[in-house]
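Next up: some structures, all given as structure tokens.
Each of the next two complexes has subunit A plus one other chain: subunit B in the first, subunit C in the second.
Moving on, here comes the complex of A and B:
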């Protein structure tokens, strides 16, 4: 699997868990309700969505479920399924809240944890409901049969146009936010070009002039242009390359914007950390003996952590940037893994063309390469490339659009008067009461909203996983969501996305490491990485309890201004 | 006539379940009440205890430690030395937690003793326990003892390494909850990192000599109660394959029953009156219960008529299906609770604990060593968790990574029902245990996976009516 495909499945998971964590953040981060049973609503969303799109139950086969609405027109489609999952999770969230919400926070946490376990047990024991302890399968995600896209018809270009519209719109939106920073790059010029001149709209003062509208419009234009070009001529590879390069450019701008403040030695220390991590992991693929390679890798990792610890405690200039250097190191490590490691093999054999080929595949991440179907290209120096657009890319565009949309709506909600009341409930209920507002009502509304987001994430999970088992919905999911929330910063919506990204980056990286071990000890390795996750969580809670991004307090001046 | 299992069977099973829950819930409640940590890791401490006992019971299956093993359930000299050192270190470590080197010199004894004497006593106890574990291995009691002393030393480390750090930062209760959840994660998957994913079990010799014959204490026994015209008949039977073998038949006439019941009531009432107003170890209610039970047992033994066999016809009959192992869990739980009761009521440390529970600030002002109290709470929590976990592993005869976590919700239900106090938690645990088993029995079509949900429904109902739990008033 190419590195780009790994990253795409990673981003799908980040979207799902980002939405799940946004839901928990509404409950705990904004309102202060500690919901240890968040996974219960995720479960309800997943199973509801699956039952909406499954065909009617066939009594003769081995699976059994209460109802399958897949054959009903309109009702049995994914949009309705997602909407129903969201609604039902929200309603049940409200019902759970009614008796529990008045309890002390620790009692609340334990009782809702119990409620989520009850949901799980119901799925497990009631075989008629959703196939009991066995997996619920037999449905497919929407529009999957269109992929890989055929560019000869109109449908193919239209779908690719949609994907480009989403990617372009989000990249442009990000660029628009970064534009204000002082940078040596000509950001304003690039922004004018990539918005197709629509940036003139910003001069207007009404809703049309907002940055979000401009990015959305730019995305739409890009999508339409893609569609037109694909129908007229056949430049799939070039289009993919242009859009991918644009996203890399925005990512680069974001990184330099974020870490531009670091001096040269700080940056070099970060790069040294990232390289050190790579070196520490080298024994795993190179040495055969399990005991020896784990001991060596652990020793090297320990040395790296010790060096970092000594650095941030003894050296003054490092102490101020201790988190930033880790960020630089992680990015450097990811960059090495993404760009350098895959081409080392061909380069070692002296196959420069093969190496370039792989590099192109990873840079042009928007397109899938290889496979039997697709459009063949022959490129100078790089060689043969078979290009296609697979389903994962489409799903990614959809999921990221959902995440971005929900994030945007929640940001609006947080800054609204409603959001301010929620924060007041979290800080001091008596104040809320004295102002004539009933905290109980707001808490129930919060539970409904947060649980609905959990249900939405569950529906996306059902779509992504294409099969549901009750074991997936263990209390562990709530734990991971809590970790994501505290990592990013409770009360900070942007932090949820960052936290989900960090958690899943760690998961993906360590999953790959487990493949260097014989199957017999893989369970132990998987368990060990969860121990590391737990220890990291404790360190986060102790050293950075506010999270990496900290709490974002929307003050009234900010809202008014 | 053949008796069927009924409500009485569910009640007895419920008491067994309640005893296991209580073994866990006692430690959970102590820590919750005094150290103010709603410890989500407590279930995993039970798991830790269950796995620790494997070092003694089945050393050949423990990764790394199996290198020192010389055969099935056998350890060589080096392995024995490791076990000895670990158990002795467990004892000394437990004492050390009570106040460092000063505790080893007897500062926690409650009376003045020369340093040398205290050191010698602690050393001797440690050596004795170590020797008992090594000589007793791989038998079950030795494994139980090993887990007991090991967890007594290991569990307080959670307090001194993690929870105290957070408490010093004055974090909210919600954050403490999340910290304990992270600790639970680390403990559970730390165990799995070492032991892997496969299911384990203890290998124990389950037959013991009994009245000249042999008794398998894990095999089910049937206690059949028959109400016949003449009175009550109790038949104890053992099942071997399809055949039922009566072990003991006891029958009582109506008159005898009446005498026993009246005598029990009278003695209990007298004991209650006699102890009323005293605040000693044996209070009025405990005195009444103990003396009543004694009279009941004595009367039952003395008046049992000759076994006439299982009656042919009966007005009503019910069967209780249980095993000596299950009954011994009840006894063990009661013994542990009696020891804790004694500690709380009759020792200086216990008084300090109760005072800290009532009002921590006031206790500090009055010069109570709250840090020592805190550590002793964690030690007791660890000791109870070890017993609970090992007994749970033995009862289920399958030790998995989720062994304790599966029981955590029941324990929390018990603790919250009891309003977060030790005595309340014991009561709450039995309520939860009975609710689980009677609920499964009484509601038709409810499968056994619904045990925990039933406990939670009870908890939710109680919280709806009394948000502070049954016992808690303040």
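Moving on, here comes the complex of A and C:
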């Protein structure tokens, strides 16, 4: 599996947990309702969606569930299932809120925790409802049978056009927001090109309202162009390369925008941190003895942490940028892992072509490589490449679109007068009362909105996991979501995405590291990382209680996503 | 001066064994400034909390603009319908699910169970509502209903919204903002933005009026005690009320600003606002008020013009603690 595939499955999880955390952030971050039972709405969303797309149950193979709408036209499709999951989770969130919301903060938290455990128990013990303690499976995600895409028909180009439209639209939207920053890169020129001159049109006619519409329109144009080109000729590899390179460019702009203010020595310290982390982990794949390699890796990691700690406590210029250097180090580490590590093997064997081949596969992340199906290309220097578009890419485009859309919708809500009342409720309900507004109504609305987002995330999880068991929906999930929220910064919607990314990066990294150990040890490592997550939670609450991004609120007349 | 806008009659409130307000009776005339004074523990703030709906009285009535406070605060009919409907919906859904699942009924009986559940749920809620309201001595405490009718208060210990800027504190107050409805915030952004602009303009004017416009974007939590008092007054003014209950408005405000604040209150009274003020600063309250009500041990002791109060034997005794 290429590194790109690892990153794609990672981003699917980030999208799901990002949406789940956005829901919790509406409740706690913006309105101050501490909901320890958020996972309950995730559960309701997941099971509702599954029951909508499952066919009628079949008693002969010991599956039983209350209702399976999969064979009903329209109703049994995924869009309806997701909508139903969102609505039902929202309604149940509101109903749970009615009796509980009058409780004080901590009592509320405990009560709702109880409610979520009740939901889980009901699923577990009521066998007629959703197959009881056994897994509920037997459905498949939408359009999966179209993949890998066949480019000979019209369907393949159309689907790839959709994927490109989403990726292009989101990348353009991001570039549009970064455009104002100082940069040596020709941002305005690139933006004009990638929006196909639509910004000009906007300036002249005012036909396209905001930057959001411009990027959506640019995405649509890019998708249509892709479709037309794929139907007319066969440039799948080049198209994938262009779109992928564009996203890398935007990512580069984002990184330079974010860390451009760092001086040279601060940047170098960050890079040293990242490299040091890589070096500290090197014993794991290279040494055979389990005891020796874990001792060595732990010692090196300890030295690295000690160096960082001494650095930020003793050196003045480091103390001000202690989080930024970690960010630089993490990005540098990821870059090394993504681009450099995969090609070290072939390079060691003197196989430059093979190394380039792998590099191209990772750079052109939008396309899948290898496999039996696909279009073969022979590229100079790089060699044979078999290109296809697999289902994970499609799912990624869909999930990221959902995440971006919900983020935008939520930003609109929290930056409106409605969001101002929510913040007032968080600050002091009595004041809200004295100003003629009923806090109860706003708290119920918050619970409905946050729970509906939890339900939406649950439906996506059902689609992603293709099977549900009650054990997945333990209270643990709520606390992971809380960690994500506090990590990113309660009250900051952007922080939810960052927090989810950090949490899943940790999970995936430890999974990868565990694979260097024999199976008996591997199980222990995977169990132990929950402990590490707990410690991480404590450290976050102790050292960065306001989160990595802090609060970012305030009403504005215009939100542009 | 016109008729009484607030009529307090035999108001009573106890906390455990302590009788905080014990049959207080007085009127506040529309367009007047009424001072409410008395020694510590006389029941002034409790009276305020009762008049503004934050406490439920144990006895007596308060009439605002001729209507009983309890009538104003009673849940509306449509509210009852919404909650009754929600209860019915929940009970009905549960009935249907249980009918289809554990009971294993067919579609028609399950539908019957749904309807029966819905009827039970809605009926139960309405019955409960009836019973609570019929109970003797039942009172409602929903102060936001009073604020909507134009009866607002400030707090003795200021309650600023600390995370929000001074400007946002003010912009929160105006009633009936379209953007406070989530649907409008999403689907009628043009109208909401227009309204926001006018609210913002008014808030900025109010900040200038109170001479705290330099603190516009400062989180209210960073303001000093006196500045918070001003901010609270501004917030109340943004609401465009009829009656303003001020609990110690000049405590902690510097003398120069106190002068301005008093002038401001006078001017607002001329515009038709009614004020009722609890204040310990005797000079301020004597100068400002048309009428002074002196409370002691939960009762009204004396009522009269400031000059008369100043020389009243009973008042002097109450303040000096002579029996």
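Going forward, the second predicted complex is superposed on the first by the 548 of 561 C-alpha atoms of A that agree within 3 Å, B and C clash if a C-alpha of one lies under 4 Å from a C-alpha of the other, contacts with A are read in each partner's own complex, and residues count from 1 in each chain.
Keep this in mind: a residue touches a chain if its C-beta (ideal position, glycine included) is under 8 Å from a C-beta of that chain, and two chains touch if they have at least 3 such contacts.
All values derive from a computational prediction rather than experimental measurement.
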Taking the superposition as given, does A:325 touch the first partner, subunit B, the second, subunit C, both, or neither? neither
Look at A:431 in the shared chain and tell me whether it touches subunit B only, subunit C only, both, or neither; answer first, second, both or neither. second
Per the contact definition in the header, classify A:111: touching subunit B only (first), subunit C only (second), both, or neither. first
Contact-wise, after the overlay, does A:409 reach subunit B, subunit C, both or neither (first, second, both, neither)? second
Once the structures are superposed on A, label A:421 by its partner contacts, choosing first (subunit B), second (subunit C), both or neither. second
Going by the contact rule set out at the top, does A:530 touch subunit B (first), subunit C (second), both, or neither? first
Mind working out whether A:102 is in touch with subunit B, subunit C, both or neither, as first, second, both or neither? first
A:54 in the overlay: touching subunit B, subunit C, both, or neither? Say first, second, both or neither. neither
Touching subunit C in the complex, subunit A uses residues 66-67, 94-95, 98, 126, 128-129, 409, 412-413, 416-421, 423-424, 426-428, 430-439, 445, 449, 551, 553-555, 557-558
Give every residue of subunit B touching subunit A within the complex, in rising order. 38, 162, 165-166, 169, 171, 173-175, 177-179, 181-183, 185-186, 189-190, 192-194, 196-197, 409, 412-413, 416, 447, 449-450, 452-453, 456, 459-460, 463-464, 467
Within their complex, subunit A touches subunit B through residues 28, 32, 34, 36, 99-100, 102-107, 109-111, 113-115, 117-118, 121-122, 124-125, 479, 482-483, 486, 521, 523-524, 527-528, 530-531, 533-535, 537-538, 541-542, 545
Mind listing the subunit C positions that touch subunit A in their complex? 52, 54, 83, 86, 90, 97, 100-102, 104, 142-148, 152-155, 159-165, 168, 171-173, 175, 177-182, 185-186, 189, 192-193, 196-197, 199, 235, 239
